[in-house]
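Structure first, then comments.
Naming follows writing order (A, B, C and D), and every chain is counted from residue 1.
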Amino acid sequence: MARLTLSALRKSYGAHAVVHGVDLDVADREFIVLVGPSGCGKSTILRMIAGLEEITSGSIAIDGRVVNEVDPKDRDIAMVFQDYALYPHMTVEQNMAFSLRYRGFAKAEIRQRVAAAARMLDIETLVARLPRQLSGGQRQRVAMGRAIVRDPKVFLFDEPLSNLDAKLRVAMRTEIKALRQRVPVTTVYVTHDQVEAMTLADRIVVLDKGTAQQIGTPEEVYETPASTFVAAFMGAPPMNLLPASLSGEGAVELPGGTRLQLSGASSSRLDRAPSREIWFGVRPEHLVPARDTSKAEIVAKARVVEPLGSDTMVQFDLGGVALIARMPPKSVRAPGDPLAFTMDPHDVHVFDRASGRRI
Amino acid sequence: MRRRSHILRHLVMALVCALMLIPFYWVAKTAVTNENIYAYPPRILPLKPHLYNFVDVWYLIPFARYFANSVIVSLIAVAGNIVFNAAAGYALTKNFAGKRIVVLLFLSCMLIPFQATIIPAYLVSARLGVLNSYLGLALPLLSTIVCIFVFKAAFEAIPASLQQAARIDGLGELRILFRIMLPLAKPAIATNIILSFIWSWNAFLWPLIITRDVTMQTLPLGLARFLAYVEDTTGALYAFVCMVLLPGIIVFLMAQKEFIRGLTSGATKG
Amino acid sequence: MNTAPPQRAGVAGSADAVAPPVRAADWYRRKRTREAMLVACFLLPSLMIFFLYRILPLGWNVILSFEYWSPLKAARFAGLDNYAEMFLEDDVFWQALTNTLIFILASPIAILLALAVALAVNSDLKGAAIYRTIIFLSYPLMSVAVGIVWRWLYDERGGFINFVLRGTGLIKEPIPFLQSFGWALPSVILADIWQVVGFYMIILLTGLQSIPQHLYEAARIDGAPASARFLRITLPMLRPSLFICAVIGILNSFTAFDLVYVMTGGGPAHATELLVTHIYNMGFGETRFDYAAALTVVQFTLLVILTFLANRAVGGNAGSVESA
Amino acid sequence: MQKRRDVLKLAAGTAAASFLPKKLYAQTGTKKLSILTWNIIDMEPLFKQWFATFQSQNPGVEIEWLDKKGPELPAFYQTQLAAGTPPDIVDIQGGLGLEWAGQGALLDLTPMLDKEPAVRARFNPEYLANWVFEGKNYLIPFYVSKSLLFYNKPLFKAAGIDYAPKSLDDILSYAKAVSGADRTGFLTLNFDWLYWPLFRMQGVDLLTPDLKKPTFNTPAGIETADKLAKATADGSINKISWTGRWVEPNGAFAAGNVGMMHAHSSAYFFVKTQGSWITPETIGIAEVPGYWSTPNSHGYAISKGARNPELAWAFLKFATEKSQAMDFARGRTLTTANAEVDKDFLAELDKNDPTAAAVLRTQIEHTDKLTGNWRLSDDSAVKNIVWAEMQNIFLGRRDAKTALADAEKKVERELRRT
């Protein structure tokens, strides 16, 4: 049982604040991913949880015990660093056993734990090697092994895959996911890669400029982004965002004069909009090719066509704004081809222009 | 392609080394011949080489005693340098109030020429009661600023995550220094050994001032004593230089092993 | 699952139940104090030695520089007399100052040379250890001997350099290197470079060996060419070592004392006089310790300024690798 | 095994003892005598013998002997002065003794010499007068030398010259005749005031007799400097003359490519070991034209801070006594300025080594023509000023007229300063 609770967590360097009051309640065995662009404060939060950074204000509690005033070693956490931080002068085995030795474990127990972790991570044959004799992926496993042998309350991962090449990154991602099912420990995982976040997380925390923009399951974050920032950050290619205006009674006027009538719940929310100026958002895959051009809400000409095999990405202009649509393969062949789309009102997003918040 | 660049590099290095070695050759040649180095044209190959100069060096001064003195003083200096410099260098990688001042202080300490500090340094040593002792000989050399900065630079090149990992693993500062930082700073340790050894081994003016007792003198002082016997004949001087130089080279070669190990085993490479 | 039951401060039902503690600052302050104490303990031995053998003597020099003093006469206040004499009447001081600056400004040549050598011998080149040893070999030599050998190398009649230059037909008339006002200082500087280049090399090698290899691996994965790896990784990571070298270059303007003293004695007509030889001559040669003290203070101030500039030149923070 | 352990024990014991600072002699007892000599450690057996004899005459006296090499002795002595622990007796070379006397470091020996005229009578009066500062005698001669002229007879013969030069013009014209290819005609040592006879023989003196005003900036002075500069430029004079100190000039002359060398007697013994061409037939020995020469002598002084000045004086009397001085002259082949000793020793040497005897004989003759021994308390400052400008002239950077005028101005300022 290990819960992790952050309340009103703040961090500033002098007058410069990098984390502005983050609240987060991580349930036992939950896998939380902090995601955001570089400089958003995600690593700082992780390091505050680890005790490597001072907390300016707010608190961190593990299992209800406030650990603000607890040294890193006594917080019962384990951390996997971006560069793995394996001790270069020790063998894999010594690396994994290192912290246990300083925690007064019996030799036999250390041996047994290291062996178990090595078996679990499939690195049994490597235990006598030095870190520099390992490949990137193997080092990554050792780093995780070092965390696992500790059997901590909380696992912390600091962009653990960013030093690997693209192919290995995907493979390791899958492994972390698989490992997670065998060792279900409360985890906070930091990454700037939204795909990692989507695939690994139980819940995602999207951070920007030191504030949590949205906390939710991958589905929530993807389907109902709380702000234009989240909308643009999660998903590749990102959500199309157009400056638009509300023309009353649930209607939206897009650039180029197109009017779109939103129905039901959406339209009633629009009435509460603080301003008529909005961002209108639609994901590339939610631009549905219209069979009947006359009924299409968007009519345009393709500008760039990028066939990906499974899909074809098409760029086009709408009232001077560039948009991307994800279309079935071979549905569009060349630049200049005519395009026509309809949109399901449930799949479109409306954000306040000034605040960027979802309406 | 790679091989050709290697050959080119070998050629360049060989040339540089040859240029570096010319004065050496002359030292060695003169040491075994006693030739007048001002003879013209210079004689490139030694004529009738002999080893009398080396024998003279051994017998005309209490070479063994001076050698032992030099070894003791240098060992003290080397030990002091490693421990004190590593500690200070590690401290300087930390952030603390007044760090800039301390760094500035250390740097400025370097900038006073020893020639200008002889008299006060002697008075200080007299006050401490360490005149004419091994400790007194080594004391001013026990910590050197250049070497502190060598350690500082080496520690800073060690990824911060290693220290943090160690902290999470439950190590205190002393253990981090000794178990993590020092083993990873072997090139810096080797540099410290080499430099502090050479500095104390070659120190001349300070031993000259602080020792009164002939039996406390170090090898460089022996040179002066020795030259009094042989009337500044250069062959003897060079023989002496060869004999004084040798330990420095041996220490370098031994410490250099650490460098090589650093290269081949990647001890410092993450 | 855990080995020890957690010390519960109280089971919080929700995030709200955990009140943000205000006392945190106190704990951090204590922690920082503890760290500061540790830092102080680590610095103490070195500081003690420097205090006794560097700072006290500097203070002695500063006080003396405002006095009339000799080992046997009671001190008399001199005000700025020593400084006035130095700046207004002492031509040798100005010459020595110029020469000292030239000596320092020549050190980048040696540092670049050493950097090239260090890069070459830090590679997978076979026999690198031999090259390294040979190039370092000149450093442990006693400066007095180095001076004597180079004095001979430069000799107008019997010297090796003239012998070679004339033998290969490069020059007709021998060059009196150390007897010529134009050649004397460059000649001394060259001999000095010969001696210290191995020192620079060692420092730079230490720096090179401390660069974590994974930085290069990452760069290689990113497809950075060798030149970019040098400019983006090697050079920035070498900054602390380069700074040490720069400081050694500055120091060298007085550690070269023996060499200058033996090779030229500061001559001809002060053409190779450095501030430090002038200081020594004034102190122990002319028994004017008060005036030598004033010279020391001025040289010290000059070198502090130069060190400060060198620090700025390599990116500040006394040669630290800038961390975020 | 047992033996090795003993050796180790002994070594450890010695090492431990060495770690403990030795007590400064000055802080203990009163019957201690400390003697600082200038680079004569090779005389250790003789000195040890003297100490033994002296101790038997003065029971209970402990003697500490320190020896430092030339360039380092001043630094050592002055440090000891500052620390208040100067050696009782110090051996000083050249004009340094007068500077230290001027500083108040040395004891005035005049009362002792006055009280014991027999001691005063031992010494050559001119050499003794070398160290009279402001009318008081601060040092007594230990061993003495002065400059003379050596010449390479084969080179002279090849150039058609077969006698020693009688004037500066002779020197320069012979030098020119000898020089050519890689030969040069003339060399001089230059430290202290060793080059000054070249000016003095032209009637140029440095200072007025009262030492208050410079007198070298005269037409004769300028002319002399000019001549030397020209001869240097055309290769008659070896450039080492103006930069080298001891090893190079002697080495160059010994190499056999230099016609003449102006140096003091000890140079002969150095040159002889380095030059295979040197035999009694080939080396010419002559007085400097006009018999001018610069002394380069060692004297004994007693520190004013000496704990036992009477004991120190007793030792000086002992060391300069005929028997001791004679042993010393024999040991080092030199002149002591003890008139009786020098006479006897030279007679003895005539039989064994006539060339050496001829060299040493010049050292005790014409001692009334000593120059370059100005009794100034700031002799080295004056020396440095004049020498720098001389180098400028001789090596062709400045013309003699302006350089000497500058030197004159600076010397005047220096003389005013003290």
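Simple rule for what comes next: contacts are C-beta pairs under 8 Å (C-beta built on N, C-alpha and C of every residue); 3 or more make two chains touch, one makes a residue touch a chain.
Everything quoted here is computed from the prediction, not taken from an experiment.
J.: Averaging the CA atoms per chain, pick out the one whose centre lands closest to the mean of every protein CA shown.
T.: Answer for the innermost chain: C.
J.: Work out the mean Cα position per chain and let me know which chain is farthest from subunit D.
T.: A
J.: Could you quickly compare A-C and B-C and let me know which has more C-beta contacts?
T.: Output for the comparison: B-C.
J.: Using mean CA coordinates as chain centres, what's the subunit A-subunit D distance in Å?
T.: Taking the average C-alpha coordinate of subunit A and of subunit D, the gap between them is 88 Å.
J.: Could you tell me the distance, in whole angstrom, between the mean C-alpha positions of subunit A and subunit C?
T.: 49
J.: Report, in whole Å, the distance between the mean C-alpha point of subunit B and the mean C-alpha point of subunit C.
T.: Once rounded, the distance between the two centres reads 15 Å.
J.: Report the inter-centroid distance (CA atoms only) between subunit A and subunit B in whole Å.
T.: Averaging C-alpha atoms per chain gives centres 54 Å apart.
J.: Specify, in ascending order, the residues of subunit B that touch 2 or more different other chains.
T.: 37-40, 119, 159, 234, 266, 268-270
J.: Going by the contact rule already set, what residues in subunit D reach two or more other chains?
T.: 75, 78, 82, 182, 247-248, 251-252, 255, 257
J.: Provide the list of subunit A residues touching at least two other chains, using ranges where the numbers run on.
T.: 83, 132, in rising order.
J.: On the basis of the stated criterion, which chains touch which? Give every pair.
T.: Chain-chain contacts present: A-B, A-C, B-C, B-D, C-D.
J.: Can you list the subunit B residues touching subunit D in their complex?
T.: Listed in rising order, the residues of subunit B that touch subunit D are 36-40, 69, 72, 118-119, 122-123, 126, 129-136, 205, 208-209, 212-213, 215-216, 224-225, 227-229, 231-234.
J.: Mind pulling up the subunit C residues that touch subunit A in the complex?
T.: 1-3, 6-12, 14-16, 18-21, 23-24, 27-28, 213-214, 217-218, 221
J.: Of all residues in subunit A, which touch subunit B in the complex?
T.: Interface residues on subunit A, with respect to subunit B: 47, 50-52, 71-73, 77-79, 81-89, 98-99, 102-103, 130-132.
J.: Which residues, counting only subunit D, touch subunit C once they are in their complex?
T.: Subunit D residues touching subunit C: 71, 74-75, 78, 81-82, 99-100, 103-105, 182, 184, 238-240, 242-243, 245, 247-248, 251-252, 255, 257, 304, 378, 380-381, 384, 388-389, 391-392, 395, 397, 413.
J.: Write out the stretch or stretches of subunit D touching subunit B in their complex.
T.: These residues of subunit D touch subunit B: 15, 18-22, 24-25, 39-42, 64, 66-69, 72, 75-76, 78-79, 82-83, 182, 246-248, 251-252, 254-257, 269-270, 273-275.
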